[in-house]
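Two complexes are shown next, each including chain A; its partner changes from chain B in the first to chain C in the second.
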Partner chain A sequence: MTVEAREARQPFILLSPALVSVLLLLIVPLCFIVVYSFWLRTATGADQVGFYLDNWREALSDAFYRDILLNTLKIAAITTAVCAVMGYPAAYVIARSRGNKALLLLLLMLPFWISYIIRTMSWINILGASGAVNSLLMTLGITDEPIRMLYNEASVILGLVHFLLPFMILNIYVSLEGIDTTLEDAACSLGATRWRTFLEVTLPLSLPGLAAGGLLAFVLAAGTYITPIVLGGPTDAMFANLVFEAIITQLDWPLGSALSLMLLAVLGALVLLYNHFLGMGQLMKGLS
Partner chain B sequence: MDNTKRYERLRDRYRNGDLDRRTFLGLIGAAGLAYGLHTPFARGALAATEQVRFDGWGGVVSEAFRQHAFDPYTQKTGINVVDGTFGGGDEYLSRVKASQPGEYNIAHLSGVFDYARYHGLGLTTTLNEDNIPNLQYVIPKLVDVFRKVTDGTLSCVPYDYGTTGLAYNRKHISDEEVKEKGARILLDERFKGKIGGWADWRTRIWYASLQTDQDPNGATDMDAIWEVLRTHRDGLLKYWSSGAELMSLLAEEEIYVTEAWSGRVYALQEQGHDIGYMDPPNGFGWQECLFVIKGSPMEACEELLNFMLAPETSIAVAEGQNYPPALDPTKVDLGAKIPTLPAFDPTGKLDGLTFADPVYWNGNEQEWSKMFGRIQKGY
Partner chain C sequence: MGWTLLRGWTALVYLFMFLPIAVVVLLSFNASQFGSFPMTGVSLRWFGELAQNEAILRAFRTSIVLGALTAVISTTIGVLASLALVRYRVPGRNAISTLLIAPILVPEVVLAVALLLFLNALSINKSFGLLLAGHVIFTLPFVILVVQARLVGIRRDVEEAAMSLGASPVQTFFQITLPLLAPAVFAGMLFAFTISFDDITGTLFWKPGGVETVPTQIFAMLRNSISPEINALGTVMIFLTAGLPLLGIALARRLALQRGG
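Moving on, here comes the complex of A and B:
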């Protein structure tokens, strides 16, 4: 083998563990799901093997699935916007702090040490009828009976923001850390106020981080199913709940496969759009 | 003396009143330990099966099983019982369907319709009833319905029964009001936002049948049922999906009224919560069984089933989980607490309970579960 041929093969050899992992853990299961989506569920719950388009026809033509999908995208968008508004100042404070940056980053990571389900359920003790907030309000005489704060769309968004805010902050923080602060100093020395410096220098340069955080928050929010179950009311289901229900409750794996591929396609399209306009580099930087 | 004989002697002493329950269970443990120390080869023979997996409903039920059945069984046989939990039968069946044979062994299933579904999917086994002599103490009616599904054989043993009736907070709703309104109290505008409901399509349709004056095992006007389900949903705070969530919602006064599992309500009452419970006419009666799944180590499972059906174990578990055992009260003295449990039938005939017809429910499962899923989400 020539030196050139050996050098040409080297990247593939180095990448082979990752490629095998992706193949076995992502591509192969995805292929199974695609195949399943063309099968049919029978009355006994067993699957009828074959090539049927019934599941796809139902998933794509039924207004029920379309409406829940749109509602899911709406909730994900609101969650992302709230995370961005809340996350930016926090990320800015961490990025510009001098002595206690490591401590602030540690505090940011602390919630990840506790199970997501526990963190979600903790809101029941905070906002429930006999939770901390209602108890305080009633003790102070502000209200006579508990105010209903749980089991609605707002509490679902709250739970999602609680879960996703650290992802957003980390991405913006990484972006802010990469900005050369002498640019801000230069703007100030040219007479710009601190606010104008922020608006015209810092914010534009940190937008890739904001976009990366937004994409992550949106995709994760759109794919969640625990939060609506724990904090949602009767009509606050999201699309992942439909997938869960089809597969787990109705034992309809073929329809569940079609629905999960539908969600994957929508979210995949959003990622492609992001990649087209902003590139994946910033997202990878944020994740690392 | 072999271990089985030692166990049987202890059991006779317990039955005769020479030993209290705590001492009895402690001695079983000691016997198990001694057995392990003195006859390691015999233990080795049993070790071919090192563990049996059991899945149940969690919460107080799991605690009762662990304390009164699994730990003593492990001490007796050296076989570890790994216990898992599930929130509902549908969810569990999907896990079993996705598993390898032998991964799941014994399940605490509810309703004959679930047994029939497992049979339909080819997941049943055939128990050697000679290895389960304690089956003789079980109420015959509870056994016969399973035999009909599996051509005279059994893949499970009945274990307990109970009801899904109406639970209500007496601070806000009186016993008289529930008695007067029956199942319709779940639709009462006055309690809008304070009503709960199990996210289970069968229970929902069963109660909708009662609310529309139809036979729960043969409703004919399904449009009326769907409409009532929508009305119920609009007044609902939340669909609950586990016993723990049901208890939390009632105890925290998030909801004032819901349909609920009799044993869980009894547990709340024992904890001092002023929760009332009533089975409306034609309320949902159910029986639970210990079902052995295809691919399981049969002898180890049969031994565990026999151990769990032993009156001492069965009564202790029943007292712990607050559901009457499947034991026939005309054959076995069930003690003082069990006759006070909701749904208990002293005659052993269970004529007062309405059970779900497996053919009717399983025949409509595919369509109705999907329809309920839509209504549940606002459609």
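Moving on, here comes the complex of A and C:
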């Protein structure tokens, strides 16, 4: 073998464990559930191999699934919007502060290391019948009975915002940090007010970060499974809950496969759209 | 005026992020047998109960072993892949990068279902191995992102100098590249460990019956009600999963200072 041929092979030897893992543990399994979604769950509990459209017909036409899918997307959209509104000013302050930037960033990273299930359940301590808020309100005599604030759509969204806000802030921060501040100075020196400078220079230049944060927040929110169980009421199931029900509880794997693929298709379309307009580069920047 | 307003808003955002966590820690010292307000006194009782709880201790052992194995495997695979992507001209580099990052972009539930069903079709039943494979594929993209970012910053000349002095590529890697890369390898391992330790969605799909990790154990306990014991467990988790990386950062910084002189 020539030296060139050996050199050309080297990177692939280094890449092969990663590529084999992704192929074997992600790509092939994904192809496999496509096949599985056309099988049929029979009354005896065995899966019938073949090409049946029943699962897809059920997943696509049943209003029950459609409503929960739409509701899931709605919750994800509200969560993303709230994260953006809450997070943008904070990201701006971090990016433009001089003294305590390192501390602010470290504090922003901390929630990533605090368990998701703990962060989710912590809201029960705050909003529950004998939680911090009700306890305070009753001590102050503002209310005699605990106000019901948990186990509804709003508390699910609150939990999701709490979980996803650091992702959003970090992504916006990264793109704000990449803006050449002399551009802002130039706008100011040309007579633009600070607000106008922000609207016409800073904000447009930071949109890629906002979009990356938004995409992450939306995809993660739409795929969520734990938050609606812990903070939602009986009717607040999201799409991932349906998938879990079908797969783990009912053992209807073909239907579960079809439902999983439906979720993947909707969110995948969004990722592709994002990739088409903005490219994956921005997302990589925000993630690392 | 505007700046003050912005800072006030930011302070509120940080308060929003940390207040619920602070309350978990506060309530874990509650003397009352309810995990809620009003507090009736300060007590370490619930930490004591925790140390006696066999199920929780078992979950801790499972999580630690799983996290450590995930970290080692995922980081090894990730470092090799990052080396190839940064140091070699790879045809189809962008496509390969995207492929390696894909596990982040696929909703975890879908990834969980796909892997579970596929391995089951191969007659591989739910096992610790499936759990480990799932955690590795899930943490790999994060490791690759962290290691790649650092590797780009390591100048190639140093490696080339070593090679021109007669070191083999393997020697160069272990004596030059790896020591320079150590902070990122360490960060990648910590990252993989904490992600694995924290994972719940995939774990619920992959775990064999009777096996619990700390998050699934907490999740199971939450089904009943929130008890002071859960808050105590939460406090332990907060100090473990946030404290360890903080300690790691402090150590890395001290090492860097010593080495840098």
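We adopt the following convention: the second predicted complex is superposed on the first by the 268 of 288 C-alpha atoms of A that agree within 3 Å, B and C clash if a C-alpha of one lies under 4 Å from a C-alpha of the other, contacts with A are read in each partner's own complex, and residues count from 1 in each chain.
The rule is short, and it goes like this: a contact is a pair of C-beta atoms (placed from the backbone, for glycine too) under 8 Å apart; a residue touches a chain by one contact, two chains touch by 3 or more.
In this text the structure is predicted, and so the values were computed from the model without any measurement.
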Q) In the superposed arrangement, which partner chain does A:Ser130 touch: chain B (first), chain C (second), both, or neither? A) both
Q: Considering only touches as defined above, state whether A:Thr44 meets chain B (first), chain C (second), both or neither.
A: first
Q) Counting residues of chain A in contact, which comes out ahead: chain B or chain C? A) C
Q: Based on the superposed arrangement, let me know which partner A:Arg148 touches: chain B (first), chain C (second), both, or neither?
A: first
Q: Return first, second, both or neither, reflecting whether A:Pro11 touches chain B, chain C, both chains, or no partner chain.
A: second
Q: Using the touch definition from the top, say if A:Gly178 reaches chain B (first), chain C (second), both or neither.
A: neither
Q | chain B versus chain C as contact partner of A:Leu19, first or second or both or neither | A | second
Q) In the superposed arrangement, which partner chain does A:Gly233 touch: chain B (first), chain C (second), both, or neither? A) first
Q) So which bits of chain A does chain B touch that chain C touches too? A) 124, 128-130, 247-248, 253
Q) Mind pulling up the chain C residues that touch chain A in the complex? A) 2, 6-7, 9-10, 13-14, 16-21, 23-24, 27, 34-38, 76-78, 80-81, 83-85, 87-90, 96-111, 113-119, 121, 133-134, 136-137, 140-142, 144-146, 148-149, 194, 197-198, 200-201, 204-205, 214-215, 218-219, 222, 226, 230-231, 234, 237-238, 241-242, 244-245, 249
Q | Touching residues on chain A, where the partner in the complex is chain B | A | 41, 43-46, 64, 68, 124, 128-130, 148, 150-151, 229, 233-235, 237, 241-242, 245, 247-253
Q | Residues of chain A touching chain C in the complex | A | 7, 10-12, 14-15, 17-19, 21-22, 25-30, 32-33, 36, 86-87, 89-90, 92-94, 104, 106-107, 110-119, 121-126, 128-132, 134-135, 139, 162, 165-166, 169, 194-195, 219, 222-223, 225-226, 230, 240, 243-244, 247-248, 253, 256-257, 260-261, 263-264, 267-268, 271, 280, 284, 287-288
Q. For the complex, which residues does chain B have touching chain A?
A. 88, 90-91, 93-94, 97, 117, 120-121, 193, 201, 233, 236-239, 241, 248, 252-254, 362-363, 365-366, 369-370, 373-374, 376-379
